[in-house]
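Two complexes are shown next, each including chain A; its partner changes from chain B in the first to chain C in the second.
The block that comes next holds the complex of A and B.
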């Protein structure tokens, strides 16, 4: 545990100094602030535009960071041959892989929190959604926190997939594969609904069902489309979605550890 | 050699452009259902529902971007009042974000300004009602009110508009309290005085004397007006049965019996009871000169000889 903690801390320190990460996060923050400019031409829909675009930016930049930084994590260690130094010490390959997941996971949490704070600041400054007559709208803030928490869960799930594929693929291929699973994970719901609603072949119906169950469902983690709409989810629905994500994270990291422990350098 | 190469390049470009044009002719009829026709031009913006799976959950994000485009488009064409592409933009926006309330309202306000897009309003508003009736009913009152107003103001379909307002008042939580009043007004405008009477009586009964004094006074006045107009309308029907023609002037109806009449048959016993209680001085059973003139500062009834229908000046 102590070793894992030291490795996580090291991954965190190393990654936080990464220029790509800083540049992406910087642009994320700038664009969240810039949503204010777009709201001026939105025909009095400032609230909606600022909230939708702000939450969208948090999601978009979280994803970009996960893919770009995540695929480099293992590859860089192998490329610079630092992995040999590490693995020659009493560090298991599983610990090494887990440290990458938790290290970048902590960074994603930090960056998401920073973007969230900027977003809340911009929203509070330009709309009445957060502070109304000097009183904080706890319900709205809670909704935003919940949406961002689920976004963070989807970043972590994507990160787990990136780490899984990075354990046996080159960075580009790993990024492409993780993105493919991410895309499929977003359309499984639609595919299943389409198969149920339309007269399609029984094979397609079974295929849609199979894909729905064997692929992580990213669509259920995406709550941002329901902000400001008065559509609420039950705690059971939310818990089920979160539990599903945690399940897939465990599966992906376990599989990644399995592949990585058999990898030959 | 260079000359030949250049010539070949020019020919290649020419053939390519012909090829692209030909390909478009072949491909477009197959694909057009999946793309918007922006105004009169085939557009390369995919339909919302086709686009949705590829947005990876950024539906609202993209809907807002198209919304900004729609607003710019509407602003750019406001001078000439031509919004050919606006219905498609709004359809795309509302496909991507069915809860985007203002997109529907914006359409209801702007599209009727141009004859070309006038007919697109009900489709848009009804789409909003269907998309939100289950999981976002807070939006419904606004959509119903706008649909009712459009049907009344632009289509002059008073009965249909009244039905929309009545549905709103009866079935939709949060429907503004004026909805049933507007419905009654429209029913009277459509010559359906018995329904207007019904609505006003219902309002009085619902209030149970607990409405504000002013509200009850208005409701009472409207009950009286609707009851009298229903009675006069009924008397006109009797007059027609007897004489084979409608009266030339209202005073021809004096003395013609009104009840029994279909107009009052639809009233519930509670409503009839209330009407009888209020009816003491109105002489609804036989039209008298006082029915036509009493308690009104001006005579609110006008007999329209063109349509053979009773019209009102006060509503």
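The block that comes next holds the complex of A and C.
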């Protein structure tokens, strides 16, 4: 456990000092501020659109960081040969992969929190969505927190996929593969709903079912559209969605460890 | 301490290491020499557990190579590594100490001692590694390899890419460690360094161990290690060319031999036969690479230079 902690701390420290991460996070924050301010001052925007845009920015930059930084995590260790140093020490390959997941996971949590604080701050400053007559709309802030928490969960799931693919692929291919699963994971729900239609062929129904069960479901982690349209979930539904994400994270990291343990350097 | 038994490593149809057997004793400085692409790094990676042998076995301290127990007792300096660029030298050593489960006070004590040993300037201790020169990176690399006070130190081309002063400094560190009784296994193609530092050497070429023995055994009086090396390599190349009637050694072989002979362009063929050429003749792979060192048991008295007596 001490070794894992040391590795996670190192991944966090190395990554947080990386200029690429700082630049992406900086642009993320700037764009959140800009979109919120511009939306607020432009002619009578719908409140939902303003919030949607801000949260969309958090999603977009979280995803960019996960893909761009995540695919470099393992590749860079191999390219710079630091992996030789680590794996010649008492470090198991599973510990190595887990440290990448937890290290970047911690950074994603930190950056998401920063973007959320900026988003809430700017929204409170430029609109009356958060503070009305001097009173904070706790329910609204709670919804925003819940949406962001599930966004973070989807970043972590995407990160697990990035780590899985990086364990045996080059960065570009790993990024492409993870993004493909991410996109499919967003439409499996819709595909299955569409397949319910009687006019659809039985083959497509079976195909949609198969895809639904073998792909992680990213759509259930995207609460933005539901919550902002006043469609609410029961705690059980939320818990099931979160548990599903955790299940897929475990599967992806375990598979990644299996591939990685067979790799030769 | 290190036992390599009949190890072969293949990549597809190509054999990078062929039936290699070797053993290294405690306190020994062993130089594993060979031209580029000879199989030195592959062998070292198999000892470290970064690669698995296709055939054969490797043990360190009677533990399987690559096991956690074995890895606790070794240090490794890779060739041309770029260490964690955003960590300072001190942070890097701290990280390595944490991997070995050392306490903070022990980490501080060892870091201080090692930074002094490798002669890293004080002002560089708290600078990020990406600001270091090549020589400084090599020195911090050496320090990290020693952080766990290893029983065996593996150095992959420790002097390559360094200027003469950097080379001298790294060589001094290795000599200092030798005096401390450390077992050192290092890969190199810088023969003068090997001759100066090593107790024993092994010469590998195209995956086969050609010669193994103490410097005294391998290098006859009046010869240099370079002479022995060039003769061994050219000797190993010749029959292959004649037998196959196919042209020419690969570009890598040519380059290696040219590079190694560049300093002393003596025509090897015109030399009078000597003890070491006899060695080269004996070790030519005809009909089978007669690498006595490849046999796990000690060689007979007939081939003293290539034998290894424990």
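Points to keep in mind about this one:
Operating definition for what follows: the second predicted complex is superposed on the first by the 254 of 265 C-alpha atoms of A that agree within 3 Å, B and C clash if a C-alpha of one lies under 4 Å from a C-alpha of the other, contacts with A are read in each partner's own complex, and residues count from 1 in each chain.
Throughout what follows, a residue touches a chain if its C-beta (ideal position, glycine included) is under 8 Å from a C-beta of that chain, and two chains touch if they have at least 3 such contacts.
Remember, it's a predicted structure, so these values are computed and weren't measured experimentally.
Chain B and chain C, once both complexes are superposed via chain A, fit side by side.
In the superposition on chain A, A:212 contacts neither chain B nor chain C.
In the superposed model, A:96 lies in contact with neither chain B nor chain C.
Touch criterion met: A:3 reaches chain C, while chain B stays clear of it.
In the superposed three-chain arrangement, the CA centre of chain A forms the vertex of an angle with the CA centres of chain B and chain C, and that angle is 160 degrees when rounded to a multiple of 10. In the superposition on chain A, contact is made by A:53 with chain B only, not with chain C. Looking at the shared chain after the overlay, A:183 reaches chain B, while chain C stays out of its contact range.
Of the two partner chains, chain C is the only one that A:265 touches; chain B does not reach it. Of the two partner chains, chain B is the only one that A:42 touches; chain C does not reach it.
Between chain B and chain C, the minimal CA-CA distance in the chain A superposition rounds to 35 Å. Across the two superposed structures, the residue set of chain A contacted by chain B and also by chain C is empty. Against chain B, the residues of chain A that register as touching in their complex are 38, 41-45, 48-49, 52-53, 55-56, 59-60, 182-183, 186-187, 190, 218-219, 222, 224-231. Chain C makes touch with chain A in their complex at residues 45, 48-52, 68, 71-72, 74, 76, 78-87, 91, 95-96, 98-101, 128, 141, 144, 148, 154. On chain A, the positions that touch chain C within their shared complex are 2-3, 5-7, 9-10, 13-14, 17-18, 80-82, 84-92, 264-265. Only residues 52-53, 56-61, 63-64, 67-68, 71-72, 97, 99-100, 102, 106, 135-136, 138-139 of chain B touch chain A when the two sit together in their complex.
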